[in-house]
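Okay, handing you the structure first.
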Amino acid sequence: MINIAVVGCGYWGPNLIRNFMANQNTNLLWVCDLDPQRLDAVLAIYPSVKKTTYFPDILEDSDIEGVVISTPVSNHYQLAKSCLENNKHVLVEKPFVTNSKQALELIALAEEKKLQIMCDHTFCYTGAVQKIKQIIDSGELGDILYYDSVRVNLGLIQNDVNVIWDLAVHDLAIVDFLFEKKPTSVSAHGVVHTGNSENIGYLILNYQDSFIAHFHVNWLAPVKIRKTLIGGNKKMIEWNDLVPAEKVKVYDKGIDLLKCDREQENKIRVSYRSGDIFSPYLDNTEALSNIVKEFAGCIKENRIPHTDGWAGLRVLKILEAADESMHLHGAAVELDW
Amino acid sequence: MINIAVVGCGYWGPNLIRNFMANQNTNLLWVCDLDPQRLDAVLAIYPSVKKTTYFPDILEDSDIEGVVISTPVSNHYQLAKSCLENNKHVLVEKPFVTNSKQALELIALAEEKKLQIMCDHTFCYTGAVQKIKQIIDSGELGDILYYDSVRVNLGLIQNDVNVIWDLAVHDLAIVDFLFEKKPTSVSAHGVVHTGNSENIGYLILNYQDSFIAHFHVNWLAPVKIRKTLIGGNKKMIEWNDLVPAEKVKVYDKGIDLLKCDREQENKIRVSYRSGDIFSPYLDNTEALSNIVKEFAGCIKENRIPHTDGWAGLRVLKILEAADESMHLHGAAVELDW
Amino acid sequence: MINIAVVGCGYWGPNLIRNFMANQNTNLLWVCDLDPQRLDAVLAIYPSVKKTTYFPDILEDSDIEGVVISTPVSNHYQLAKSCLENNKHVLVEKPFVTNSKQALELIALAEEKKLQIMCDHTFCYTGAVQKIKQIIDSGELGDILYYDSVRVNLGLIQNDVNVIWDLAVHDLAIVDFLFEKKPTSVSAHGVVHTGNSENIGYLILNYQDSFIAHFHVNWLAPVKIRKTLIGGNKKMIEWNDLVPAEKVKVYDKGIDLLKCDREQENKIRVSYRSGDIFSPYLDNTEALSNIVKEFAGCIKENRIPHTDGWAGLRVLKILEAADESMHLHGAAVELDW
Amino acid sequence: MINIAVVGCGYWGPNLIRNFMANQNTNLLWVCDLDPQRLDAVLAIYPSVKKTTYFPDILEDSDIEGVVISTPVSNHYQLAKSCLENNKHVLVEKPFVTNSKQALELIALAEEKKLQIMCDHTFCYTGAVQKIKQIIDSGELGDILYYDSVRVNLGLIQNDVNVIWDLAVHDLAIVDFLFEKKPTSVSAHGVVHTGNSENIGYLILNYQDSFIAHFHVNWLAPVKIRKTLIGGNKKMIEWNDLVPAEKVKVYDKGIDLLKCDREQENKIRVSYRSGDIFSPYLDNTEALSNIVKEFAGCIKENRIPHTDGWAGLRVLKILEAADESMHLHGAAVELDW
């Protein structure tokens, strides 16, 4: 049994608590939150869990092996650092920390202490993304040409982060998880209609080969859309996360480029393929349950999580570059890996 | 009766011919094409129409008042110029001509000759776009915040034009038709996967106020999508051109920005509105029939068409700026009106 | 405050309990269930509520004004009767009781005791059905011609009730709620593929005028469908209960019958109307919250609930006639009201 | 080359003519219609085809091997009979003839003359139905449990046939084509809202095993629906004929019935399977092109068409039984094969 503490039981905390309670290999010892009433309310159904409003209680409990940090992002760095210094593995909510310097520091500290840092990139642990990764890794799609995502809805306008940090962060974590390669530059376009942060964003990742990734995020859309297209030269994927069935469809569609003949040199000779459509069964285990399992497994077996601190850092560097590109009116900002 | 000639009877020509034959105020006298077999085939059911492979036949027929140019774009400029010089009104297929210099020259010539130049911006004459314009003009949407269009499918890869000139040209014509204002700069991103022209394109138009327009065009998508979102601060529109019913939906949705109070200064106080959805009945007259009517009406009444040479020019300037921006890796290219 | 007891905390019980706890005018005093562990688990978060496995505890508590019966249907009659005899109002889950004789007896007892019997016809208290009733009552649809519902999915095969008692009961409650008139006869067709009760059913209600209602229910469908069409001679409604938005659509569509002329007597002259489509905003209050409010209001104000014992009886009589019709291979069974 | 004549060039005639012209093995010699202006209009683009308003011209032309009868149904019997008597094969539009007695007579005559009678059951020649037949024949679905079709729209009210003869005839032809077995009885329910024939119909076919087929047809629906569910105990099919892609989906879903244990005898133990969804590529050859090919092939090779006179007769017998059942208020009418 891995002994766990959860810090912060706001919006996401109860879900974490429920999943750590349900996992057979974890033992939730403590939950910490600054608000004692919130603690009482959330833990009423888990009388065995200890409550505290005083974070050092957790640091000082030498039984605790892993700490889950589910507080506002501005506290992530300081809390995670303290945990690592006190020899505890950490699982941090997204976004990881507020800048890549902090991320690098935490990663170095964890490596020095031989501890794991894991980022809660939730979507990477869904049945849909797991299946898409499996399809991509099988080579079935051929060369991947593009990744295009639309993630829009009528959402809460926030003033402390813009829509790219709020919504595109999910897509960045997914793309980082699905593909080995890293973008060479980032272009971002955004508009502020209310408040002081961008509520519409368009983000483009350019890669060394001709692969391109594009994300449309919007807090002011009349309809909710979660649709991703992944184009390969052999097959293509459509992922609609909002439908109850057939979230992921694999299209046996594409083009085969033929040699041009002399006389029609400005008409490319392509042959279209259009075949079956296949919608694989998706494991519908709750993503958070898989995350708990991964965190516990990494602690027990001393292995690196699929979404480790480096993954969190890579996402952060793109978010930082996106902010810079928006200030440059969309000019491409080079990324240095 | 307005006497008309059609030049070019390739893919689009038969549709033009059919609509000019059907209109009660036009008289189709001539059809010209370089291929005599094509002429015979297309005109078999219209024995009254004269055929020619020799374009000057049309210029020399003083009965002809209007000429429709439906040839490859590289011939548009020369053919239109000859028509205007011979005192004939012209209706030109999209894209208007190959560059804005040619466009300006034709516009000047037409004004000098007191003739009309009309561009076949087909979508502007559909029931959907006409209804959307009416809704926008009524002020019902409030301040328009953004226009976002996705126009993707598994399309024919072309080598002489890229996907922006092929597909986004429709969206540019529509936006030009719907809104009075003109963009101040253009950013475009594209990728070449096959052949020598971009087959995926992302185009952004920036405006002086915070209005933004974005177009996603793609020849390599597994599914066909034609979906546009238009966000206003009072109401919003979703236009899905592929569904048989309810192409245009008006959502009584939006946000009202309230004053921030001191203590929660990084949470904007918004109140969401979410109300009825309304899908207006759309006139389903064929767009081309409306174009024929407009062209004939403009000749008869000596008035300027809704999609005149200036509209064609504005679209061309944006397409040229898009090409420039793509070569600058997406950097914004200023537009000078 | 109305003092309430809930009897039975199986599948539906916790939802009832949560809603009675949330209502400001009700005070949940007792929950009774035969399984003490189930009681402990469900009531862990409501420590103020008293628990019992002994039903008479509730009958004997003179503070209790209303009892909610949420046990298997075979117990409904006996439990409700005891409650009424002990001067308590009752809210009974669907189906009301096992036969119409029991229903009549309970209704008579309640009237004698001046108590309310309410049936939990849940759908009647949803925003969708409430809005549909409002539209029908306004006369907007004109004469109602038909009601057609499809309610199919891959469901649990049950042996004690057939698919009509399990699924069509919802539609019968809705139709009873929406329309004043009562069917004159019932035809039902069913097939048994597994077990010993029908897993596919087709149910037809015939009315004195040419109104017809048809229900298709199926436990063996590959997809979940909840779609209802309501046709009027002026307008028509489509209700799709599974979509997140636009559950109810009102179509300004229909036909106007014209006089036949002599020469074309076998062609009816109709003029089609096809107009706007309107999707009203629906109140998304949880149905059960409205039921709790109605039950409390009826007790307090001594008024008859919208879905009273007579409504439950009417539904039962149709279910009984449906069973009889199935045994007669679909022959129409007359209903005597 | 098979020499062909088409009789009747109303609504469907031009499609027949176009397909017989396109087929490489057929030679369209004559078209007959009572209206000479209609003949001129339709045949303007086919100057090689001879026109006549006098039907005996066709009977007397000994070059003609096959005649296509595309006139109002009331003339089918007499025209087909004359053709057979004059040693010509016949292809007859649906519905075959007006009653089963006529059908039997034509079938007997054709057999005596060693000629083919083919019925134009168009849907049986679509890529969708061909693929569904292939899947059923492969045994992939297991035992077929039910067939359920909805075919509704806002359609033309007709006075000479009811909605079952007009719309359900398609479904009857499809079911006859897909399955070997024949129904033992028919129940039908219909309502007349305008004119003098039923505009809403519900039709049920009962079979010796527990297979059941149900058809809902309606001329007064606000939306167009063409959706069929075919349930097997291993897999199930959903066929939506109105979508541009994925018309046919095969669901790897079903239930496996387990043995009941003693103690829970009123709960059937089933295990649900829920797996992949597969949407096969469909041949999109025009159905009529396949019909022309089949008719020509059957004449040339002297073989029986897939949709022969017996198929037409079987459909007619069900239509007649449906009418009888409607007059009996839905009582089952036995079929004698």
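Order of writing sets the chain letters: A, B, C and D. Residues in each chain are counted from 1.
Note that in this section contacts are C-beta pairs under 8 Å (C-beta built on N, C-alpha and C of every residue); 3 or more make two chains touch, one makes a residue touch a chain.
Please read these numbers as outputs of a predicted model, since none were measured by experiment.
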item: Chains touching both chain A and chain B; value: C, D
item: Most distant chain from chain B, judged by the mean position of its C-alpha atoms; value: C
item: Rounded Å distance between chain C and chain D, as computed from the means of their C-alpha atoms; value: 39
item: Distance from the mean Cα position of chain D to that of chain B, given in whole angstrom; value: 43
item: Whole-Å gap separating chain B and chain C, where each centre is the average of the chain's CA atoms; value: 53
item: Residues within chain D bordering two or more other chains; value: 223, 245, 274
item: Parts of chain A lying in touch with chain C, wherever the complex brings them together; value: 44-45, 223-224, 242, 244-245
item: Touching residues (chain side chain B, partner chain C) in the complex; value: 245-246, 252, 274-281
item: Of chain C, residues touching chain D in the complex; value: 145-146, 148, 150, 152, 154, 156-160, 185, 187, 189, 191-195, 200, 202, 204, 206, 210, 212, 214, 216, 218, 220-223, 229, 231, 233, 236-238, 249, 251, 253-255, 257, 265-268, 270, 272, 274, 329-332
